[in-house]
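One structure is given below, represented as structure tokens, and several questions about it will come after.
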Amino acid sequence: MRSIAYIKEKYLQVRRLSESLCENLEKEDYIPQPIEDVSPPKWHLAHTTWFFEVFILMKYKKNYRVYNPTYHFLFNSYYESFGERIIRAKRGNLSRPTVEEVYLYRKYVDEEIFEFLDSQIEIHKELQLLFEIGLNHEQQHQELFIYDIKYIFGTNPLFPKLVSKMEYNVVPMQKAEFINVIGGVAEIGNDGMTFCFDNEMPRHKTFIPDFRIMNRLITNGEYLEFLESGGYNNFELWLSDGWAWKNTNQENKPLYWHKIENEWYEYNLYGLENLEFDKPVSHISYFEAEAFATWKGKRLPTETEWEVAATRNFSSEEDYNLLNNGVFSTRVAENSTQFIGDAWEWTSSSYLPYPGYRKDKGALGEYNGKFMIDQMVLKGGSYATPADHIRITYRNFFQTQKRWPVTGIRLAEDC
Amino acid sequence: MRSIAYIKEKYLQVRRLSESLCENLEKEDYIPQPIEDVSPPKWHLAHTTWFFEVFILMKYKKNYRVYNPTYHFLFNSYYESFGERIIRAKRGNLSRPTVEEVYLYRKYVDEEIFEFLDSQIEIHKELQLLFEIGLNHEQQHQELFIYDIKYIFGTNPLFPKLVSKMEYNVVPMQKAEFINVIGGVAEIGNDGMTFCFDNEMPRHKTFIPDFRIMNRLITNGEYLEFLESGGYNNFELWLSDGWAWKNTNQENKPLYWHKIENEWYEYNLYGLENLEFDKPVSHISYFEAEAFATWKGKRLPTETEWEVAATRNFSSEEDYNLLNNGVFSTRVAENSTQFIGDAWEWTSSSYLPYPGYRKDKGALGEYNGKFMIDQMVLKGGSYATPADHIRITYRNFFQTQKRWPVTGIRLAEDC
Amino acid sequence: MRSIAYIKEKYLQVRRLSESLCENLEKEDYIPQPIEDVSPPKWHLAHTTWFFEVFILMKYKKNYRVYNPTYHFLFNSYYESFGERIIRAKRGNLSRPTVEEVYLYRKYVDEEIFEFLDSQIEIHKELQLLFEIGLNHEQQHQELFIYDIKYIFGTNPLFPKLVSKMEYNVVPMQKAEFINVIGGVAEIGNDGMTFCFDNEMPRHKTFIPDFRIMNRLITNGEYLEFLESGGYNNFELWLSDGWAWKNTNQENKPLYWHKIENEWYEYNLYGLENLEFDKPVSHISYFEAEAFATWKGKRLPTETEWEVAATRNFSSEEDYNLLNNGVFSTRVAENSTQFIGDAWEWTSSSYLPYPGYRKDKGALGEYNGKFMIDQMVLKGGSYATPADHIRITYRNFFQTQKRWPVTGIRLAEDC
Amino acid sequence: MRSIAYIKEKYLQVRRLSESLCENLEKEDYIPQPIEDVSPPKWHLAHTTWFFEVFILMKYKKNYRVYNPTYHFLFNSYYESFGERIIRAKRGNLSRPTVEEVYLYRKYVDEEIFEFLDSQIEIHKELQLLFEIGLNHEQQHQELFIYDIKYIFGTNPLFPKLVSKMEYNVVPMQKAEFINVIGGVAEIGNDGMTFCFDNEMPRHKTFIPDFRIMNRLITNGEYLEFLESGGYNNFELWLSDGWAWKNTNQENKPLYWHKIENEWYEYNLYGLENLEFDKPVSHISYFEAEAFATWKGKRLPTETEWEVAATRNFSSEEDYNLLNNGVFSTRVAENSTQFIGDAWEWTSSSYLPYPGYRKDKGALGEYNGKFMIDQMVLKGGSYATPADHIRITYRNFFQTQKRWPVTGIRLAEDC
């Protein structure tokens, strides 16, 4: 049972991080929505605030005065339970409320939350869970914010920077090896003893054969070989839908790669720079990950395989690229297996409910369950994932053609 | 090892069935393609013939003279290995070759096949497999033909009939019950001792918890209750993509249902008739199946659950609705569990490769593997499946929104 | 005032021509609708029949029994006055009624019309007009039928033929010259003394400056020069919408031209043959006609200019390519100015009502007036226009990007 | 011949107005592009500056240093002559350059322009024309800016205000009357003695019959009658394309009208207020204007009729709603005929070149000519038109479905 003091501290920390991530933004940067997937930074700041307002303040705080009812129309994401909302693709049409007004909204809600917490003697379990969900929800939006601002900046011909060059501590990548993992009946999923999302539960048995899995992620350099060997032009390597996706959209390289006067560049949050061959390849679709694996004569791991392998091979030291206290981490331990951080790893498993899954009642039931179709599971977090937000049982999910998240590749093979 | 005589007999039987299914068609009926999914009947007759021409005759028969090279452009379905082909959505633009010319093409290829078989002493294994695949392929198109002509007729305001009223031997449906199935490590998939498609292999271990599964399919009457209780208007029952699909397409009933002056009707191959409450509901999307299950407080079975349950509960008597010798079967045994025939049952499993799956080399490698993404598995066959074409390990697959196949619902629940 | 005998004779002649145009069709050819603009031949035969049924029989014949009420839903083109109708793009989905049934429908209506005419002593003016409109309407569909079957055949890789090679009597084209025409206040439009469509009236004054106009149409050979000089790649020649149309659809030649092994071919109703350089270029969009004119340093004529020039230069002998008694004419007089027949000539005038235009009351008011927006006027008829259906005041109209009608180019310039 | 001093004064005045129109904007308001037609305010400020840079500075100022070459990609509108440019629909994706940077760009170009002007003794005619075009071009964008910010604000559920309530000096509208105008051969168009756009020339003869035209614009109140009498539901009133447009987009009222709890409101630049019945109806498509006229038994005037009538009835006093020195004018003379200002009046004439029209050479040739297709002419300016930017010969043009400009209705009828 968490104390009120603990909740307040955690609340402050998370809420501050959202704002400090924005500290290098100009007001203009808060507005655009270049593709439907990308939400304007302003929207993230307001939506996460709306979440606390409707799930906690309106329900639990006596005489709570709603800040602005129109905000509920503007900043609801996908909750049918709360009625009408602005069409997702139109979030970028809104110049108002201004950025300043959104910060005032945040301030108002934060003060009301603190007033509420201060008036309580203890926080019952259900409410505690709501706080945990609200804060984890905001952490998810911190990561989405990073994808989104990267897209806003990375597709602008001026290539603005969010941060100055991270002195990414490039340690020599491990020599790629395939680790043997003994199969059998395995348990995966979260037992719910500490916070997790409903989609990670229940912990359950599953069967996997023996398999082998790579000891690190695929690098830019390795992916470049695939590209230069004609991988994008060989239909035999691609799923049928992937081949169509590639042709329709004329895709032939990762999202942020550019070839300029015969040299390869990549946009990163610190600008357009020469492609670094030893960094994990990122911003590739499932189709590209799958085609790469086929080209290598390997395959992607299933989510069970990934979780079993990660459990056995995960080094607990903080030697991974993750978002730490609002700072992009640059430490990488030598010989890191990269199971955590760096890039979300596409698995070959569809995002479906675990056996025995029960979605929550009420509006929270809309959090995860209704998206369990036609998406693939990704595991392990990325450099944009807050360090205290990731765990081995975490299930992320995107549609096969998405490339704006930080997605990467780890290979597996049958024994 | 099959004898040449056996192959000839089987070949004749399958090839004849394709033509006899068309015997009530007018020439005009062979042409339209009302939606991209639906291929013109003429196209099925020609494409299945093209399959034998390119996979067998051109490769194995000496001095084989191609019937018409342009046909290879017109009647290739999705094989990149064989080069350019007409865009799928444009199959209905072709009035030529005429129906008669397509029958001549069939005759030519059949004669060449026989000439070839007669010239052989024995048929080696690889070639034998090609015959088996070619014939099973044609059986798949026989079933697709039935979906397609049903769509062509069922969306025509004149509601033409393909057959006269099948005296569907309506036996009282079983009282719905949930059968207990003990879980644990189970084996599913095909061991390949007799013919099966590559996607059914390898036979492999998997783990399932104990579960319960319904002893028959959901009926029209039961589905009508869902509809009339407002099931289509309650977002809590639907996957997010399903809710969007339903709203965008304004769907609120199974594909062939019509409400006319307050009475419910259903188009069947024998015309528009009053809805029969005891027949299995059919022509519903995955989204509708899933929403129905949620409304009932149940769920759809996984493919493993289905296969395990079917194996234990499948009565071997021929008491199922299947396509028998070109005749729509009308026998239903009392107390049929309906695992085989009637309607393809949506499972909650994505169509993905089995552990250890290997796709074929060459053009046959394009048969199944490249479609293993963003589709769901369906099991058990339908009344439109040729009786000797179905088996418990058979994996059918469609995208979540498809309704033109004969799709139905069986429920499961956790123990 | 026309006698009943005259009406019967004319009725028979027109109705027979529609059917004789189809005499080389296979039943399959009656069905497809490869693009929305193209109606299936069957639809033309039925729609023109529906027109007589609803405008004459249902209104004037006592106790008339409607042939099949569903046909009214299937074969209404665009008359809101008659209620719901099948979506235009779905005409090609209909295999039924069969071709034979449509001919029976024609026969039924024809017999009813004759029975009706035989029962009358005289035909009052309003009814006479309905007959004239009905027959002219059917003639319009005869021409559309030719466009449509040309598209159905000309986009089929087998390039079927509608007719055997027309011995197009190729006389040497005139040397291109620009004829001087003195301007001033001119009168154009139809005085309505004989039949014309409402959009040709009233005859009215308009002012034109002196101008010069070409003495014949632009040939394939001349257009080929434009193409080979890079006309399709020079933005300076194109309207902005035309440039976008061309780029989006990757158009770079007239609709039925093909370049095969470095030789130019054109599909005509008698098959794919070498491009004939002296024939008028046809099947080009307004954008292409306009770009060609710009490339030549000329312009297209306005509809007033065209009508004034044609009136003064039209030779009354029947020396033009027009559809005569169901036969594609092949006579071309030497020195023909080609104002009538050959190809519809794009003018630079928008299709708008003439000053003082009044549309008809009731359903006939929907015939022309509601289409007077965002289309361009074309003048002079084509080889597919029935010879007794064309006159100098005739106003045809298509949208700027349409190429499936027989469209051509005549140039003009300022004095 | 204009003096350099005059040019400088005019330059300053126009450039300042663009900025002063933005003075109530927040930085966020400069960014969104809610529909393709609407450009972000920032884009207008930069594009008009780019125009002076590429048409004057780069061509005439020695050693001119381009401010930022990437801006040429970002801020070119539609000039193919200047190469690649950002896709129009993506103008709203750009958060950078920031608003401040754009103002610096303006400052830089303004200073360079002044340095250039100060270095000259006199400005030759061609260059003088470039200044005039550049400034008139900027005035056009001032008007577009007002349409665009109205759209950005007027479709935001918070309904922000650009200005405080204009004390629109509501004088009683004239009683509607139709003024007789004697026709015959008339001259319209501009003789080019003072500045005009190329599309207004040459002045030329045309013929019009006698006609009658309304002495003022149609009011909101009159339009409301049309709406409430079911005008939007009666197909007989609509052009075919208009009926389709209305149904597809579910339009049933002018763009900024809202019905809230049975009361009618309209968004104006000063917020959402009760609909003022006596103000001119505005923000209606051509289709709506045409349907309204049909409902009244009248028609829209042609551009010739409008110009002839305006010439005879235009009062030269400044008694119209126009943008004066950056202030929305509020004076309306009693008995104003409203030919100038208030709202652009849809005419029934297509936007086509005048007889004898010649487009400019080079990049300026892309200014007007290439848009002369599939648009309608509008006359007379609106309250958003700078007062010194309008004249009777001015030809504005929009596609039939556009509603975001300030469009209105004046009726005409035949004598």
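By letter and in written order, the chains are A, B, C and D; residue numbering begins at 1 in each of them.
As a convention for this text, a contact is a pair of C-beta atoms (placed from the backbone, for glycine too) under 8 Å apart; a residue touches a chain by one contact, two chains touch by 3 or more.
Small disclaimer: the values here were computed from a predicted structure and weren't measured.
Of the chain pairs B-C, C-D or A-B, the one whose interface repeats that of A-D, sharing more than half of its contact pairs by residue number, is B-C.
Most remote chain with respect to chain B, judged by CA-atom centres, is D. Centre-to-centre separation between chain B and chain C, using Cα means, comes to 46 Å. In this assembly, the C-alpha centroid of chain A lies 38 Å from the C-alpha centroid of chain B. Between chain B and chain D the centroid-to-centroid distance comes to 59 Å (mean Cα coordinates, whole Å).
Among the residues of chain B, none is in touch with two or more other chains.
Under the stated contact rule, the graph of chain-to-chain touches is a ring, a single cycle where every chain has exactly two partners. Pairwise, the chains that make contact are A-B, A-D, B-C, C-D.
On the side of chain C, the complex with chain D involves touching residues 78, 80, 185, 204-209, 235-236, 238-243, 286, 290, 302, 348-350, 352-353, 355-356, 365, 370-374, 400, 414.
Those residues of chain D that touch chain A in the shared complex are 26-32, 34, 42, 70, 73-74, 86, 90, 92-99, 152-153, 155-158, 160.
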